[in-house]
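Two complexes come next, and they have one chain in common, subunit A, joined by subunit B in the first and subunit C in the second.
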Partner chain A sequence: MSIQKLFSTALQAHRTYLFSIQAHGFKKDVSRKLMELYKRKEDIEFGKTPSPPPPRSSYLEWNYDAELYSFGKRLGEHIEPNLLAQSLTQRSFIVVEEEKQKAVGIEDPILNVQENTPLVDEGKSFTSRYVKQYLRIALPFFPEEGIQSVHNYLLTEKVIANIASHIGMNDIVQTAEYPIETSSLHSCFFALVEAIRQSNDDHTAGNFVRDFVLTQLGGKNVNDLWDIENPEDKLNTIYRNHGEELPEPRLVGASGKNTILANYRVAFYNKDKQMIGLGFGESVQIAKEMAARDALRRLFRTSERDAPIKYNLDINTSQQKKVNPSLEEWNEKILLQATG
Partner chain B sequence: MSKTHLYLRTGFPRAPLANGLGRYMCQVKRITIKFCKSHGSSRGVRDFIETDMIDFVKQNPEFVLYLKPRRHHSPHLIAEYLNGEKFHMSFHNFNREEISKWVNLMKTRAGAPIMAYRKLGHTDNPSIQGVWSPFANQDTSLNVTSFPNEKLSRKFQTEPTATELLLEMFKKQQLEDSEANESKEEESK
Partner chain C sequence: MSAYERVKQWNTFARIWHIYDAKWQNPFDSAKVISKHIQGLHKPIYHPLNNCGDHVIVFNSRHIALPGYEWKKRAYFHHTGYPGGASWTLAWQLHEINPTLVMQKAVKWELPRGLSKFGLMARLHIFPDEEIPEELLKNVTSQLRQLRPVPRTLDSYSDKEIEEFPKVMDYPNDYILK
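Showing the complex of A and B:
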């Protein structure tokens, strides 16, 4: 038997070993490929939608107390730890936890956290009050109907839930459902406002609402948030309130008549032949309506020429400011006297 | 290698949730540092934890710092931001100072994905003049002009057009051709 034959297996093994150590390293692409293939299999073969990532609270590196502490610090507010935990706990979470304890055999389930239901309504009414009060001071010439519309927009579920998730509430709210619903974020945000109010005072909670809710108007046009029907009638009503002649619409420009790109420009003039509003559109009727809207915007001090809303006003919440005049009784002279 | 490495996404800088319009809010919500207790590549991370970490955490209570010892793994950092983004970064063989700087960078970032900025500013209302119409930037002298106006009704172009020039050239050519033909016929006679 030759030496080669005798040691062939050993030599073979030796070669294999050498080969295997040459192909060293951890093949990252293998796991990535497998993950991608699994995802495609889920999508196509079973027709499932990809499952959401696991909740952050299920990770090993998760300390709820530390999360709560840093959440309060991130907002820059002092909040009582018990109130903070309560404001971020939904009723559904309590119910599920109690059921879990009962299933194990505990007769009277004990949980060291309360649900946020009592905080939500109070927080919501406070936020609503403060937002209206702030808008009335920031936009003194804007009619009350407009203030209501802007207020309604700011307190919609979509806007509030967006704020809540951007301050990091979507990870730390304790609720039964996953992924968290916008309605839960909506109510938890108001509970948080109430927790801040109870830990401090109205002024601190108000500043919190100002810094997080009212700043959502930044870069937005308040006129877009309020739909005025028949603006020409409203303009006439205001001029009747002033005791002046009704403004007169005039066609001041027309181009491309009888074409698909027709353009008309209409301006409103007051009795002193001063232009009070200018608008254009594809027909005379539309141009007239746009001109009336422009005239109203100029009267309400919300046109693009006016200064933007200030977000650094200090509001005294205890002092009740009178509501802004409604469109029907809007009078510039009275408002100018009131604002000085 | 996927195409995300080849093409850098482009965009405009945006502040998340109007940050700074009201109050400033630190955008990182938690940082996890994974490291090995014995391996040499984690030496810098261990130094950072021993000397700088306590002060760093006391100064920055806005986010949670998790430490995760992982035996014989290369050290790395995972930063999670309020906008839902997550960033991984390797700390392999980094020293203490480098780690302090990178952690500080992760703290001050807004969490937006890395992109090439098309401009260093952004506005939702690029024009201060409002929406364009054919009457925008019109000559103001037209406001006091009475129509019909002789100057404005005048024909703009007095020179012959290209079409007219071509027609003229064509006629000239025809004339020349007919003259040449006539002279040829006379010669042949």
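Showing the complex of A and C:
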């Protein structure tokens, strides 16, 4: 018997951090875990973790003009080439390029591209206007406060930057920083909308916004994007506007009252004894609030049983639609007359 | 998850408390229904890994009705583990010792084998008579239908009811019953 074989158990024990070889079996998973953790630590300390890929534009065969042309074609919109180039160029890029040229000794740096700052503001205000107008037509019963909240969600940096990166703007935007920041994608997207608008008309740019921005509402619940405070008071306000009796909350169901899993079901009933909203919750108070919320979303035609928002409406951008009523002056009868 | 989605989930997974009157019911047939409710098999959201079973309160277990000769012939086997430790208790004997045990064992047999049995059986509450603790009764919001109607015994009919019962014929006054 070799020496190694003789001491193998003891060696094993040492390797697995077992202090007594009289234990039942060897804790294999302990050594495996420690080895894995050591490997991870080693990877980080010695720089073995993969670094982010270099910018695509630093590759030798990068042809920006060709990329720009095909990007425009991929969008399926006619965009003037110089406008397209301008919309995708951030101010920071121009500053860096000028400095580079000055460093080489060029007194008046020449760049055949402009920054997108003027396009951004124009595009942002157009997108904002169009989104609000579209939402007012798609959700005619939704109060103006809700329209504003949904609009604010759609125009947040996160949502817009997500759209921009998914239409392939990550590599093509000319900006000083790398990797590209969401704020750059956010402003470049609005500049792109403005470039489409200036190359064509409001209608084409509007359809572009509809197809890319408004479709982000797919699978989302507009009620979640708008938080109503004191829904019961708001429901009462609406019934006062209608000139009707205030709806009455009733306990319609309960289970496990004496347990921590208690569940109550509260419904609101109008004067005709028709149920107008149903809510649940672990206490009567919560169930009542949820019932009021449900009643409101049924009035606003945004409940689960209502049809989802249409994404194929053709909006006439020159015609300004009236602003939806606010929550305080919301009246179903007037709205029904208006919609016909 | 929004507040409304949260309470919708709460409502979907709420535990219901059922009550079942075992008077004059076959415990073995009843156990099939009760075990379904304890496991949550009657719900569309059922899944073996989904903890969605309900509670069932069974009362009047003293007044169950076993079919045929079951009271006399059904034997409950137990072994203490020691030599000669086997014992066979007949159903009527077990019922005399504890009037909830026949019902409890019937439900236990219906449940799937495995460790989940302990958790599931904790949701079954059996009471021999009509007395049920008040705090448990407060939870109840559903009643399980009895599997068969409770028959009326002869001595439950009053003299007036017997007199008014429609008759095809009556014995003549001078007829002497043997």
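Here is the rule we go by: the second predicted complex is superposed on the first by the 292 of 340 C-alpha atoms of A that agree within 3 Å, B and C clash if a C-alpha of one lies under 4 Å from a C-alpha of the other, contacts with A are read in each partner's own complex, and residues count from 1 in each chain.
Basically, contacts are C-beta pairs under 8 Å (C-beta built on N, C-alpha and C of every residue); 3 or more make two chains touch, one makes a residue touch a chain.
Fair warning: this is a prediction, and the values are worked out from it, not measured in the lab.
**Student:** State whether subunit B and subunit C clash or fit side by side on subunit A once the two structures are superposed.
**Tutor:** Overlaying the two structures gives a clash between subunit B and subunit C.
**Student:** Does subunit C touch more residues of subunit A than subunit B does, or is it the other way round?
**Tutor:** Counted on subunit A, the partner with more touching residues turns out to be B.
**Student:** Between subunit B and subunit C, whom does A:282 touch in the aligned arrangement: first, second, both, or neither?
**Tutor:** A:282 sits against subunit C, while subunit B stays out of touch.
**Student:** Is A:319 touching anything from subunit B or subunit C once the two structures are fitted on A? First, second, both or neither.
**Tutor:** neither
**Student:** Is A:265 contacted by the first partner subunit B, the second partner subunit C, both or neither?
**Tutor:** A:265 contacts both subunit B and subunit C.
**Student:** Once the shared chain is lined up, is A:255 touching subunit B (first), subunit C (second), both, or neither of them?
**Tutor:** both
**Student:** Check whether A:293 is in contact with subunit B, with subunit C, with both or with neither, and answer first, second, both or neither.
**Tutor:** second
**Student:** Does the superposition put A:223 against subunit B (first), subunit C (second), both, or neither?
**Tutor:** second
**Student:** So in the superposed three-chain picture, is A:167 touching just subunit B, just subunit C, both, or none of them (first/second/both/neither)?
**Tutor:** So A:167 only meets subunit B here.
**Student:** So which bits of subunit A does subunit B touch that subunit C touches too?
**Tutor:** Common interface on subunit A, subunit B vs subunit C: 253, 255-256, 263, 265, 280.
**Student:** Show me the residue ranges of subunit B that touch subunit A in the complex, using the header's touch definition.
**Tutor:** Contacts found on subunit B: 16-18, 21-23, 25-26, 29-30, 32, 61-64, 66, 68, 80, 82-83, 123-125, 128, 130, 133-135.
**Student:** Given the complex with subunit B, which residues does subunit A contribute to the contact?
**Tutor:** Counting only subunit A, the residues touching subunit B are 56, 60-61, 63, 66-67, 69-70, 73-76, 162-163, 166-168, 171, 210-212, 214-216, 218-220, 252-253, 255-256, 263, 265, 280, 304, 311.
**Student:** Along subunit A, where are the residues that touch subunit C in the complex?
**Tutor:** Where subunit A meets subunit C, its residues are 221, 223-224, 253-259, 261, 263, 265, 279-282, 286-287, 290, 293-294.
**Student:** Using the touch definition up top, name the residues of subunit C that touch subunit A in the complex.
**Tutor:** 2-5, 7-8, 10-11, 14-17, 55, 135-136, 138-139, 141-142
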